[in-house]
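Take a look at the structures below.
You will see two complexes here that share chain A, one where it goes with chain B and one where it goes with chain C.
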Partner chain A sequence: MVMFKSHFLSHKLKIYKPFAIARIQEALSYKARFVLFIIARTFTVIITYYLWKAIYNSNGANTLAGFTKNEMALYIFMSFVTASIISVEVASWIGTDVVEGSIAINLIKPINYKTSLFFKALGDIVYNFFIPSIFIWIGILINQYVTLGELPPSITTHLLYFISLSFGFVLLFLFEYCFGMLAFYTSYIWGMRISKNAILAFLSGQIIPFTFFPNAIRVIFSYLPFASINYIPVMIYLNKVKGTELIKALTLQVVWIILLYILSRILWKKATKKLYILGG
Partner chain B sequence: MRNIKKYLKLFKVFLMQFLKSLMQSKIDFALGLFGFFLIQISGILFLILIFERIPSINDWTFNQMIFIYGFSQIPRGIDHLFTDNIWLLSMRLVIHGEFDRYLLRPMNLFIQLIFDKFQADAIGELFIGFALIALSVSNGTFKITPLSILFLVISIVAGSIIFTSIKLFFASLAFWIKDSFGILQLAYNAADFAKYPISVFPKLIQILLTIIIPFAFVAFYPASYFLSNANLFKTIGVEIAIAIIAWLIAYKTFIRGTRIYESSGN
Partner chain C sequence: MVRSRTLIKVENLSKEFVSYKKYPGFKGAIKGLFSREKVIKHAVSNISFNIDKGEIVGYIGSNGAGKSTTIKMMSGILVPTSGKCTVNGNVPYEMRQLNASVIGAVFGQRTQLWWDLPLSETFTILKEIYNVSDTDYKNRMEFLNEVLGFQEFIHNTVRTLSLGQRMRADLAAALLHNPEVLYLDEPTIGLDIVVKDKMRQAIKQINKKYNTTVILTTHDLEDIEELCSRIMIIDNGKLIYDGSIDKIKSLYGTVCTLSIDVKDISPILKTDFNKVFSATKTNLTIDIYESMVTFEFNKDKLSISQIISKVMELTDIRDIGIKETQIAEIVKKIYSGGFDIERVR
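Showing the complex of A and B:
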């Protein structure tokens, strides 16, 4: 039975692995465009960093909302690293598939559409991890050690961060997948994507830590699934979530994964029922 | 004179076309608008939350900062509304040989290019821009006089020209390198720096935004004329000069590009 199961898994892996590899190859062949895109994206983090620097310096404040100047710098850059690693545009893929009608072909293939998307997303993650995240990350670690004379977070912290990051990725994937189901109802994915990314960036704590919000809003935001995508992994990395808080945070992530998984199944059933494809 | 009349007539035709398509897809329009609106909102919420805790950033107050922020969004929105099609030039018109159809018509190439599309999403940026300026002025950042309104309008026009010129220049590189989308995006995103006082950033970035990609003249320098009584000629005067120079460079590059353009074969 166990043997059968592992055989089954490796068979599955063999089917879906090409989806991941194709994404990496695609990214490599559009290298120039991709690298420029990455640099363009770092502008936001550079702007935020200097704004914070001015905020702390011009007011002589040691801590704001529980963050020292160095912690804030770490928060901003680790938020960026986290968001860059797990950034996947699954909703847009679904949108393109629906608008171009190729979703029909995907439905008659003997593969699971969602699983194939998941592996495509995994391919993106592998790529994202090396370009540019790992370089920025190493930069952060060196800066922390050399300039600030602080020891980098422990191996346990890194391990916990990776666990939380993986949960965050699965959550983001499920959220994107659910959101992508909207493509079955409207064809204007571009406009939707902009709204989605704006909400995601704000509610996942990338723009400003939740501790800056009024208490009631802070509590609500930290229980929303968006917090589990970015805020929780970063706060774990900063060692600001410890002990029972840590267990609570990881449990919350798992609970959201289960809930969104159920939701994704319901939405998929509903969406495919009303699917019409033009042409033959 | 007859030329202008002709183009005005054509502008009306294209505008009607655009309004018809807008009516047809009201939901799409609302969604796009909402998206750009949300991006702005999150930027402002950031400032609100910060200023809950501190009185000023580099001696700039909240009301002054939202003025700069809002003021930077209006030229951006105007450019976004009228010349969004320039993006297509950078990513596909050259590489797919689609620029052919513009060359076939007896009409100015640049005007053809931009008339092809109006981008209603931009109204979100314009709305936020005006709302922030109104809020800032009503909180007494500076006195509204006929003269200040005149300078505001002049500065917004010049700012929009700077925006369009930067976009046109980098998109036109596509005539040489086929796909200039990445470079254009890089240059365009630099405009995000212009939403904040330039003194916040290190010298190198300040120089880049003043000389290389002059977005600082779209918002920060002209805004400092209104907010801190900076010299008119050193702010809005220079802005106008830069608008003219940037436009001449961009337009020349564009026209040169169209001359070396070769359609993609079949």
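Showing the complex of A and C:
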């Protein structure tokens, strides 16, 4: 039984692995686009950093909402690293597939569309991890050691961060996938995507840590699925979520994954019934 | 001849598309936000047919007649509004993945090749997706390369291929897993004569070698004449003809054109042929240009020899040309409503 299962899995992997690899190859063949994208993103994070620096300086306080100045800097940059690693534009892939009608090509193959997208996203993650995330990360670690004399977080923290990051990725994938299903109804989701990204950045705590919000809002925000995408992994990395809190946070991520997974299946069933192929 | 088994069954298949009315202009856009007037388009209405294993069927109709919609329902992409369709015993839109493993498709306007990768990569990926064994893969690649000739550009990135190269590769990609059914949606669109011919030869040979059932939609009626023994004509979502090419020719192809080059045109000019043969204008029209006289007539009412002998009575004949109706002309007349469809039924 185990043998059968592992054989089954290895076959699946063989089928879908090319989707991930193709994605990396594509990324490598459009280098300029990716470099520009990275530069734009890096600018944003640097601006955010200086903005917070100004806030701390003008306030005179060393700690704001439980964050020291250095923790805040770490939060901003790790938030950026996290978001860069797991940033996948699954919704826009679906949008393009539907608008250009190439979804038809996907549907005549004996493959699962969602799984193929998932592997494409995995390909992106591998690419994102090396360009640019790992370098920024190393930069953060060096900076911490040189200017503050701080050692990197423990291996356990790293391990927990990676577990939480993986959950965050699956969640973001499912959310993007569900969002992408809208394309079947509106056939054009570019505009909505822009607002989605803005809301996502805000609700996932990428811009402002939740601790800055009033208590009620903080609680609501931290229970929403978006917190699981960015806020939880980063807070784990900063060692600000510990003990039962940690178990609660990871459980919350899993619960949201299950719920979004169910939703994605329902939406797919409905969407494919609605489908009509644009452009003949 | 032993009747082969039915592979595709289509029963009362219909597909409606619901869209919302769009109003023109900015005012209209605002109006569209508040009122949603449904527009129902019957893309395919109530069509039924059976296709046997190994048949090559030409599926023709004007733009927007519903050809592609039918194919998309048969390939499991679209769910019909009503009716039923089975391919190889499976309902394609209910068991999409299972059905996908026994079909191959080429949609002329899209590609299934991996755009940013070398062509060879697409083939290896497809080998994994369809779980093709190494020996089968090797044999089929050899055979497909023989008929389609893609070896010379197999290491090129797909986006750098010319349309002709891409279409050949696309056809090969659709056949790598040796499908039971091959759907070809305008496979020769935009191709030059040489590539067109290559595509046709390939389709023929594959049908012969593997007994693959082929359903072909096209606007190029040469494709049909060269490949298909059976055609189905769809118009406005309704199947208006299903039968052999010969039958449609005998039904509609009664118009014959006879051009005669004569030595002396004056006796011809003086003769009223309609009166001579007591034929109405619909059964006989005459066109005279210099020394050339052209008769367009109904074969049921007049015979070629009748006309020739009459002309010979009047003058000497230098040359004769006879043209039977081409399938293209028949189809053109059907599209423009020039034929009484009910006659076929």
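Just a few scattered comments:
Heads up, the rule we're going with is that the second predicted complex is superposed on the first by the 277 of 280 C-alpha atoms of A that agree within 3 Å, B and C clash if a C-alpha of one lies under 4 Å from a C-alpha of the other, contacts with A are read in each partner's own complex, and residues count from 1 in each chain.
Definition applied: contacts are C-beta pairs under 8 Å (C-beta built on N, C-alpha and C of every residue); 3 or more make two chains touch, one makes a residue touch a chain.
Please read these numbers as outputs of a predicted model, since none were measured by experiment.
In the superposition on chain A, A:I207 makes contact with chain B only, while chain C stays out of contact range.
Of the two partners chain B and chain C, more residues of chain A are touched by B.
Once chain A of one complex is fitted onto chain A of the other, the partner contacts of A:L51 are limited to chain B, with no touch recorded for chain C. When the two structures are aligned on the shared chain, A:I39 is found in touch with chain B, with no touch to chain C. Shared-chain residue A:G149: touches no atom of chain B or chain C. In the superposition on chain A, A:S29 makes contact with chain C only, not with chain B. Within the complex, the chain A residues that touch chain B are 32-37, 39-41, 43-44, 46-47, 50-51, 53-55, 58-59, 61, 64-65, 186-188, 190-195, 198-199, 201-202, 207-208, 212-213. Partner chain C is touched in their complex by these residues of chain A: 11, 14-15, 17-18, 22, 25-26, 29-30, 100-105, 107-112, 272-273, 275-277, 279-280. Taken in their complex, chain B has these residues touching chain A: 25, 27-28, 31-36, 38-39, 41-43, 45-46, 49-50, 52-59, 121, 179, 181-183, 185-186, 188-190, 192-193, 196, 200-202, 205. Of all residues in chain C, only 17, 68, 72, 75-79, 96-98, 100-101, 103, 105, 107, 109-112, 114, 116-117, 121, 124-125, 128-131, 157 touch chain A in the complex they form.
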